[in-house]
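Each of the next two complexes has chain A plus one other chain: chain B in the first, chain C in the second.
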Partner chain A sequence: MWGETFDDFESEERELAVAKQNFMHEPANMNFTFPSLPLGIQPVEFMNSHFGATAAKNMKFRKGTTTLAFVYEPATPADKGGIIVAVDSRASSGEYISSKSVMKILDIGDRMVATMAGGAADCQYWTRIVAKYCTLYELREKTPITVSAASKYFANALFGYRGKGLSVGSMVAGYDKKGPQIFKVDSDGDRCSLKVCSVGSGSLNAYGILDNHYKPKMTDEEARKLGLRAIMHATFRDSGSGGVCNLCHITPTEKIRLPPMDVSKLWYEFADELGRDIVYDPRE
Partner chain B sequence: MSNFTGITATMNPLAEMAQFKQNMREVAASPEWRTSKLIERQRWNPYSMEGGSTAAISGDNFAIVASDTRMTQNDINILTRDAEKIHVLNDSIILSTSGFYGDVIQLRKVLQSRLHKYRFDYRADMSADLCAELLSRNLYYRRFFPYYTGAMLAGIDENGKGAVFSYDPIGCIERLGYSASGAAEPMIIPFLDCQIGHVTVAEDYEKPPLTIERAISLMKDAFRGAAEREISTGDKIHLVIAEAGKPIVQKFLPLRED
Partner chain C sequence: MSIMSYTGGTVVAMAGDECVCIASDLRIGEQMTTIATDEKKVHKVSDKVYVGLAGFQSDAKTMLEKILFRKNLYELRENRKVRPQILSEMISNLCYQHRFGSYFTEPLVAGLDDQNKPYICCMDTIGCVSAPRDFVAIGTGQEYLLGVCENFWQENMKPEELFEATAQSILSCLERDAASGWGAVVYTITKDKVNVSTIKSRMD
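Our next item is the complex of A and B:
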């Protein structure tokens, strides 16, 4: 800076340089470290004994979920196609339902969502971190981040805490320049691209419905109904899932969030549609 | 050693002694009489549970928070009858807590210093929405050594509406109309679900609007009900009422003392 005058270096330019210095560099990998237990105390065992199955009722962490997402192509030109993301809304701590209205579809940017399964706080926090990264990426590169890049950042962040007891099962879904994509990311550091995907305690039930009725080409109406139906059946058979069904439809141009549907009302709706009870009576 | 007479050693005495020492070492390492409860008790435990319950209700232009003022140890031994579990952080933010009081004090200190810094930096009080996110993060920062608290944040948000935020010990945040935390949570919530959420009544049932008077009387009912049936809840209700555009009012109401 010595030997320079104001004429050499316009104040505006100088401000820009400073701003670049401060904001435009590759953001440092989070330099924050979580305070940890004293040496010699095993974190996972410690957490289990104070916040796990034997903990006081209201000290357990919130968890339990069914989430699903699938990609489909429009069957007719009138349909939009894209991705359907459907989730339930129950958070249980032990046997107690601590919330029945959780929003498990979290936004990452305008075109992307992440679903939350496993530890609720873990998912909320890390999705925030990913969302922050994506926003900074977009500002820096002047192009929206791809789903694959975002999910890879997510997986890498989680991999850094592998074995520490995090519990995250998330699906990062969205539309980017490569088209509709779903990536399943979990706290073991696993990350894979899938077309039909379900995560959580009720995922097996949801897969049953999805695999039975999924077609690569569907109308929007069919696709939304499939999402609702799979969630409804999962909540019906899995005690860890319930509440309302939140549904998000990501089309090539927009993200549509549908109003929440009560699953116990959905049950009767689908029963009416079939003209019979959905479950058979074993005595008949 | 059934034929051992005391006169003729059937085993090499040195080997016998070695065996004895080995057995002694094993039994000292994990004595058979150490029950799982004893093992549990000897484990490092930095927390203690000081009981109590809190609840909060939000309405169109108000938020009310209540807690009992009893502090117990191990649910049995009453430490004090006027503990302060509701902390008024500024004119629009109220923090209410249950759980380990040591962590509660630490958490309050962290929030107060951040609020102070915010006031210093921006020359305005932090709004309830911002503080809610701040609390969520601060709870999560202790992910591997959590605060042993069931926290709730209530207040008047930026739009002048009542707000209640509920958390789990590691900062899972949710904005709700009403919430409770602590020992009597499983008793208070169903009552509020019935009276405010109207989840148990038919659709065509006439639902009374939630006024501040009704919210206060429901809150009193909830705590009186809980005090009847929950051992670590009692003594006094600490009621804090925040109404948009009015100063925060604090009240103490008597409760069962047994």
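Our next item is the complex of A and C:
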């Protein structure tokens, strides 16, 4: 080998060496940076004064949500078990409903999802970044990333912007070699693993239903109904949530997205089931 | 959030040919939380005179008592029914008396006078009356309503047409205003009778 020059390689080998040099090292997967603000501008004050509560309707960021996810085990062998992720579809700026059909379940790869609560743009952008990281990880390591690792990358990315006014409340849910997992990640840098979880302005209402009816072992039918019902009751009480209920069922083998259900229709069905009199009778 | 949108709520009135329509939603909230869904903001004052009170509902309740008190006193002293024009002036005076510490409610008056001529008006919290001939709206959904009313209102509508226009307008408004909704109630005031109908709407 000594004294051998580059020309002594077969051209095919040479190409391979070049390809290896170019592509086989760990790719720099996050070389994007935000342009820095002009000197003297404090990000949080800047955001509050231009996009906060006093700002004009269309300058406010879209907010207001109910999202939930829970893990359950199949009650019978016929059921699949796994994770139910259910969300509403309203985007509001203050009292103004800016959209009635937002998809708040975002895909990360084909076995994981992230839910969207808080600033819509913040959630969408950072989920995209996490999805990109996960894809590159899988190509490099030739094994799918765990939910734990993906959510940790997410939490670390958000922690890097702590105190800069980001608003994200996300649940990363999916099935990996360790089984079904849900991680709640937020813009304060918090990350925790949970079995039953809800995030957003309507989360307390959703928790009310969830805590009452959740069982560790359920049939698929029961679990999906529970997700729908919790979202429906949350949208009824919380004016920041509404529209349709988007539901995603992650089983050990696949990710099933169920057709959207109108929450208002669900409420009327629920009232009918109870036999509740919904007719309002004004006294004069 | 401002105190004017603390409880939420919307009221609209439209004028037609010898008839007026006044409608409101049924929600009461505490900011984002819905507390009740059976609270109309339209109140009967006289046979063919109704007031709507949007804004902070605690103040609206107090205001309604004061309005009824003054109207009763007027009817006893004058020995005749109050006309909507007179009532709006009375409410305006009442509002302006609290110029430097006003009630956080915007009143709306709709009714037929003794010639069965329609009268509608709305005012701000301190009593600036505006009485257009077509339609008025107050509350959190005001901006959305004025837009759709512009489209639905026509000259000389009959009671049936007027009801349809008012109902459609308020329903459109409720689709986009998060602070109002959970059902609506529409009063159609004609010279012979007052028709009350409740409307089902989205419950989110």
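Note that the second predicted complex is superposed on the first by the 248 of 284 C-alpha atoms of A that agree within 3 Å, B and C clash if a C-alpha of one lies under 4 Å from a C-alpha of the other, contacts with A are read in each partner's own complex, and residues count from 1 in each chain.
Keep this in mind: a residue touches a chain if its C-beta (ideal position, glycine included) is under 8 Å from a C-beta of that chain, and two chains touch if they have at least 3 such contacts.
What you see is a predicted model; the values in this text were computed from it and never measured.
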When chain B and chain C are modelled together on chain A, clash or fit: fit
Which of chain B and chain C A:243 touches, first, second, both or neither: second
First, second, both or neither for A:121, with chain B first and chain C second: first
Partner chain(s) touched by A:96 [first = chain B, second = chain C, both, neither]: both
Touching partner for A:78 - first (chain B), second (chain C), both, neither: neither
Which of chain B and chain C A:43 touches, first, second, both or neither: first
Vertex chain A, arms to chain B and chain C (CA centres, degrees, nearest 10): 50
First, second, both or neither for A:34, with chain B first and chain C second: first
First, second, both or neither for A:201, with chain B first and chain C second: second
Minimum C-alpha separation between chain B and chain C after superposing on chain A, in Å: 5
On chain A, positions contacted by chain B and by chain C: 96
Residues of chain A defined as touching chain C within the complex: 53, 64, 88, 90, 92, 94-97, 100, 201, 235-243, 263-264, 267-268, 278-282, 284
Chain A-facing residues of chain C, complex: 1, 5, 8, 26-27, 29, 32-34, 37-38, 40, 43-44, 140, 175-179, 181, 183, 185, 196, 198, 200, 202-204
Chain A residues touching chain B - in the complex, by the definition given at the top: 32, 34-38, 41, 43, 46-47, 49-51, 56-62, 91, 93, 96, 98-99, 101-102, 119-122, 124-125, 164-166
Complex contact set, residues of chain B against chain A: 40, 43-45, 47, 49, 98-99, 136-137, 139-146, 148, 150, 166, 168-174, 176, 181-183, 185-186
